[in-house]
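For reference, the structure I am asking about is given below.
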Amino acid sequence: MTTHYLVLSALLFAIGAVGVLIRRNAIVVFMCVELMLNACNLAFVTFARQHGNLDGQLIAFFVMVVAAAEVVVGLAIIVMIFRTRRSASVDDANLLKY
Amino acid sequence: MPWLSTLMAVPVLGAVGVSLVKNDKLAKQVALAVSLVVLALTVVMATRFDPSSAERFQFAEVHQWIPRFGVHYGVGVDGIALVLIALSALLVPIVILASWHDADGTGAAAPPKRSVRTYFALLLVLEAMMIGVFAATDVFLFYVFFEAMLIPMYFMIGSYGGVQRSYAAVKFLLYSLFGGLLMLVAVIALYVVAEKNTFMFPELIGAIQDPGTQKWLFLGFFIAFAVKAPLWPFHTWLPDAAAQAPAGAAVLLVGVLDKVGTYGMLRFCLELFPEASKFFTPLVIVLAVVGIVYGAIVAIGQTDMKRLIAYTSISHFGFIALGVFAMTKDAGAGATLYMVNHGFSTGALFLIAGFLIYRRGSSRIADYGGVQKVSPVLAGSFLIAGLSGLSLPGLSTFVSEFMVLMGSYERYKVAAIIAASGVVLAAIYILWMYQRTMNGPTAESVKGFTDLNARERWVVGPLVALLIVFGFFPKPMLDVINPAVDKTLSSVHVTPFTPAVAEKKGAGQ
Amino acid sequence: MGETVTFWVLAVVSVSAALGLVFSRRAVYSALMLGVVMLSLAVLYAVQDAPFLAAVQIVVYTGAVMMLFLFVLMLVGVDSADSLVETIKGQRFWAAIAGLAFVLLLALGVGNAAFSPAVGVEGAAKEAGGNVPALAQLIFTRYVFAFEVTSALLITAALGAMVLAHRERVRPKATQRDLARARFAGPQPSPLPGPGTYARHNAIDMPALLPDGSVAVKSINRVLARHDMEDGIRPTDPEKAALIRQVIDKEKAGEPDEAAGEAAAGEGFRVEESVAERNPAVESPAAAQGAPAEDGVAERDSAVAGHDREAAQREEGQ
Amino acid sequence: MQSPVEIFQHSGGVIGVSWLMIALPLLGAAVLLLGGRRTDRWGHLLGVVMSLAAFVVAVAAFVELLGLPAGERRRAISLYEFIPGVADTGLLIDPLSISFALLITGVGSLIHIYSIGYMSHDPDRRRFFSYLNLFVAAMLLLVLSDNYLGLFVGWEGVGLASYLLIGFWQFKPTAATAAKKAFIVNRVGDLGLLIALFTIWSVFGSFAYKNLGAGAVQDALAGGSLSQGTVTAIGLLLLLGACGKSAQLPLQSWLLDAMEGPTPVSALIHAATMVTAGVYLVVRSGAFFEAAPTAQLVVTIVGVATLLAGAIIGCAKDDIKKGLAGSTMSQIGYMMLGAGLGPVGYAFAIAHLITHGFFKANMFLGAGSVMHAMNDEVNMRRYGGLFTVMKITAVTFFIGYLAIIGFPLLSGYYTKEGIIETAMEHNEILGWLAVLGAGLTGFYMSRMVFMTFFGKRRWADDAHPHESPSVMTVPLVLLSIGSIGLGAYLILGNRFMKFLAPAVGLPAELPEPHIFGVGTVGLATLALVAIGAAFAWFRYGAAEVPEVAPRGSFLTVFARRDLYGDALNEALFMRPGQWLTRIAVFFDNRGIDGLVNGLAAGIGGTSGRVRRIQTGYVRSYALSILFGAAVVVGALLYVGTM
């Protein structure tokens, strides 16, 4: 069963990653990142059960906390960018180049 | 008393003090005072130096720095290092005095980017680095100083230089870093291959026996030094850097910094890799001789005073390298003496050219003419400095050039003869420059020139006096240098030169 | 057996929801899809003997984080659909390749690993008397330092969000008096004409008629009109359609630079994602009512300028 | 033939302090240069005093030397260690060096005195005297040093003084150029001298004369440590040095230009003393030359070629100083010829050198007096009939003239005749060429005298010639006394030969010279001189001298252009040199620096292109991160399977 969970986790992770790559709406990109984090959590929980060790669950818990903090700050940044640029497209924020 | 550490600490503390002083004029005075203190300390130290001592490095201090890799804070001086430290300590107060208005931006084509006191603080930091690089007896420490010297000089050129200063500064930095990184590789490899778990120079002598390894490590060190010196064909950074740098910085750059290259050849290349040095000697001699003639010819064709002086230095560095790699006692001592004398001579030339440029605001030779008429003292000191550049007997540069050529002739006749043609070329470039700037009808732009003022006379006076005194009486310096050169050559294992007559006699007995 | 069934059901649900998240044009749908995935995962956690995590997942993620997402979506423009046209050459193709490669490699690795039957965390949990106490014990013993740091992180994040989202008021807030003054100084002191009288369904998108029977242009809500255009809902009345067109054109003519930039980019009349997201400024009542230029107008100007610059740069890049 | 006597270490007495000879003028120069304008009022007097003081020391040393037995008249005093292990600073007082010292300080002092008058209107007179003192010091170091290194120091020192004095009127571009030219051409010679010194060092390991005597050279040759080729090379290289300093072919071109300097300079440096340093060098290095007959032969050939070339040049010059310069070249050619003829030749060469010092200085100062009177006019075509207005100058000049053409019983007659006869004994061709040279001397010197002092007055309108002040005429008179009697005094009874013998090693038995010899050679010489003088009278005394020089024959133009020496130098060295310089500068800027900058530009260009990868699109970066992650996973798998 562990294998199944892990493959599911990988699949979700990859979908999230592809989402990050192809979506331009910063909020959607953010959601995809959350999806990837969740996929990771699944893997942690699975491994926790596999090895009978609660540390995995705990790490997942920490991931959630960090993800929450990240979302808070990230969304604030998006709102701020949107306010000044009237756009939430990640492609529009491309001044940092060459 | 930890003499050498004191010598380094005083200017560093002085630099901190100078940068904290808010008043520019006071900052200059503090800088001058600090540099004079260093000079006084150096003189006291030099009088306590014992040339005949069996101990090779005197005033030695060794402390652990990074014990894991056997890196030490190891300093100490032999005769060669001593005279070069003395040169640095002497030139810095002179340069500070000469640079009194260099950082103010009056009359400069490009206004300085940083404050006046920063310039003088940089000068003092540079002094500490210069003393450190000559005093280091730990190869790693030497490398650290070798690279650290670049930083103050980079800022001095890049922030206070002429119109093209950033180009020149970057070129200087990139060239030096290129060489320095090669050296770093060689330094690390030296540590690894020697398997002595130390970077201390005296313990590393003779540690590398394998000729193949020696050759690679030699190249690592040598290229760094050849760039620094600079030896043909690694020289093109020097004219740009020297022409763009403020005159005082140019003096330290050409007069002392570049000496680290030739000093390194003599100390590290020869002693650490004797077999490789012998193997590469033909190559180095060819480069040196080409440099002598080439530098002189290109100098003749220059239209810019500072560039011209820079090219003459390239020619002179060829002489020094020739002397180092001739590996005879006379040539080695001559080369060491040459390093010091060249500091005086080129220093005087650059500084006086700087005074001229300060008055006229241009370094183009064509912008001058007939200065002798309006400023005879300026012209006279310029002539003496120039004559020292062409190694006129009676001036100290002659002694060194003669010894280098004579010592080289003992072993490499053809090279010495070709190199000696530099004597004629030197006369052409110096006198032609002198004629174009100082002789002839007084140019309109030169009419308002004032002669050297008291400050400028105090700058030029000591240099000229030293040139003349050591020109007639070089013995004090040679007495210090000779034993050190003997020791160096003894670790290279070359057969000393004996005149043909004595040889026959020896064979006969 | 029960677990297997649950897994397969939830796996299918979560993967489809994840795909939906990635491929739906509207961000709101994406957010809902993400909620589905999270809930599925919460159940899977529960199945895997992680009841605490499952609860946290639902409370924190689905409850708090998702709400935050939705709030921001509301702020930014809830119902605008994203264009799915790719602007970076080869991005999708290579993204697909990379994603596939990644998943295949991981699957290969996982598949090749031979797992012994799971130990299960019951044993570990039993010692402390249950999953939650066991976790609590870990948190406050071995991971106490990390936990404390996390708290600091959260506080910092909250503070950061506040700082970022806060906007300094550069001029005094317009009072009622100022607004009234501005309104009477402006071209339209009276209220705008109301929506159509003869509406049959959603009256707000129907123009009002003037006493002479002609359409009152000002009564048309331009935002709604544009949405109608985007969605392909054309008014059946040709006269009204022409009028709407006219309003939109006028709106575009008000931003000639932008129009030129878009034309140059070869995107023609089609209102693109970024435009859709940019235009809400127009929606603000002040602008619609021709009120004196407040922050919004200045902001729009700067946004326009920014857009032009970017458009130019993008062209250059191409 | 006997070897020169050994060198004895000396202490005490006047000889022990003979370094004062060098130190005093040096002190004078230092005081005058450092003192600046403060010393303007009395600077010239200090210069004269220092020079005279040196002369007094020289005379005292000379007297003390004469007091010693002939076999012990080579006294060395060592002063201090110059370069440890290489050379000490020391002086050698022997008949050769003391003769030079007397000439330098004696004639030098007279010229110092003369200059007080000559330079009285120059605002920089003090500087002039400091340079003169510097010259005297350097020249004395050159001749008194007991080793080659010291000689070289003095050698370059006089070069410097010559440079400074030729370019004394530095605001004149011609003077500045001439000074530079003199220095550079001299440096070519110095190069030869330097390499000769290196070779000597590599063979003998010493520069001191006491280790380089004839005995040492012969021993080295016999012992095989010195090959014949090497000793010839040493000789030729020394000769190259001598050629530079003494303006011998092929390094003669600077001397004529050097006349740009003030006339006393021309008299002191470019006639009486410095230019004879080459002769001193060859004589001093007799040990090497005698071991190298080829080198000796080359010395004589160079001497003869130069004496003819100088005479030919002298024939065509209208500039009085340049005419005298050509004559100087020619006379030094005689000395060089003598110096190539072995010990007897040495003695005559040195004797001729001393008498020449007197009569040539005499004539140069006379010419200076004329110029002083004629508003610095140097063109003899603008002179004429000056005898009547400046009698002392004319008479003294005339004495010098008679001396140089070898008029019987005057100084030049004995010394020049000696050289010619010695040459005749060695090689008849050289001898007859030297005789021809004497004839030419008769012509061009007569031409000069007739054009200047006789004939019609062709003065410029504003010229008001007058006799010079006594401060100038007294030295002229003293010098002319030397020009009359010195030759006879030195040569008759072999006085000078015997005096010089310890230094150069003369044969024990020397033929007693006659007061007036009537040999074939002597008569032929006299006849040729007479013909030359008569021809000159016919052309320039009796006939009208046109004020503008006629175009003249090919030979005249050839001579006027200094035998195309400058043109040759220009074509062979200067122009190719300029091209080489230009090419080198171009190569340095475009080649080496171009390579370096090209490399930098290449890297810059590449990175400029590569940086385009940084599009600024977060998604592109994310894509590469994902690829990277995939690669890492793949790598881990691969490593895991291994």
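As written, the chains take the letters A, B, C and D, and residue 1 is the first residue of each chain.
Here, contacts are C-beta pairs under 8 Å (C-beta built on N, C-alpha and C of every residue); 3 or more make two chains touch, one makes a residue touch a chain.
Every value quoted in this text rests on a predicted model; they were computed, and no experiment measured them.
Chemist: Between B-D and A-D, flag the pair that has more C-beta pairs in contact.
Modeler: B-D
Chemist: Roughly how far is chain A from chain B, going centre to centre by Cα mean, in whole Å?
Modeler: 61
Chemist: Go ahead and note the Å separation of the Cα centroids belonging to chain B and chain D.
Modeler: Centre separation, chain B to chain D: 36 Å.
Chemist: Averaging over Cα atoms per chain, report the distance between chain A and chain D in Å.
Modeler: Centres of chain A and chain D (C-alpha means) sit 94 Å apart.
Chemist: Nearest whole angstrom, what separates the Cα centre of chain A from the Cα centre of chain C?
Modeler: Roughly 16 Å separates the two chain centres.
Chemist: Mind pulling the chain D residues that touch 2 or more other chains?
Modeler: 615, 617, 619, 623, 626
Chemist: Can you list the residues of chain C that touch 2 or more other chains?
Modeler: Each of 88, 91, 95, 98-99, 102, 106 in chain C touches at least two other chains.
Chemist: Could you check chain B for residues that touch two or more other chains and list them?
Modeler: none
Chemist: What are all the chain pairs that meet the touch criterion?
Modeler: Once each pair is checked, the touching ones are A-C, A-D, B-D, C-D.
Chemist: Note which residues of chain B are touching chain D in the complex, please.
Modeler: 171, 174, 233, 235-236, 294, 297-298, 300-302, 329-330, 370, 372-373, 376-377, 380, 387, 392-394, 398-399, 402-403, 405-406, 409-410, 413, 416-417, 420-421, 423-424, 427-428, 431-432, 434-435, 438-442, 472-475, 478-479, 482, 497-505, 508
Chemist: For the complex, give me every residue of chain D touching chain B.
Modeler: Residue positions touching the partner: 33, 36, 80-86, 89, 127, 149, 152-157, 160, 163, 167, 170-173, 175-177, 179-180, 183-184, 187-188, 190-191, 194-195, 197-199, 201-206, 216, 219-220, 223-226, 577, 580-582, 584-585, 588, 592-593, 596, 600.
Chemist: Under the stated contact criterion, what part of chain D meets chain A in this complex?
Modeler: 611-612, 614-619, 622-623, 626
Chemist: Could you list, by residue number, the parts of chain A that touch chain D in their complex?
Modeler: 17, 20-22, 24, 90-91, 93-98
Chemist: Which bits of chain C are touching chain A when the two form their complex?
Modeler: Touch list, chain C to chain A: 3-4, 7, 11, 14-15, 18-19, 21-22, 27, 30-31, 34, 37-38, 41, 44-45, 48-50, 52-53, 56-57, 60-61, 64-65, 68-69, 72-73, 75-76, 82, 86-88, 91-92, 95-96, 98-100, 102-103, 106-107, 110-111, 113, 115, 118-121, 123-125, 131, 134-135, 138-139, 143, 146, 150, 153-154, 156-158, 160-162, 164-165, 167, 273-274, 277-278, 280-281, 299-300, 302-303, 306-307, 310, 313-314.
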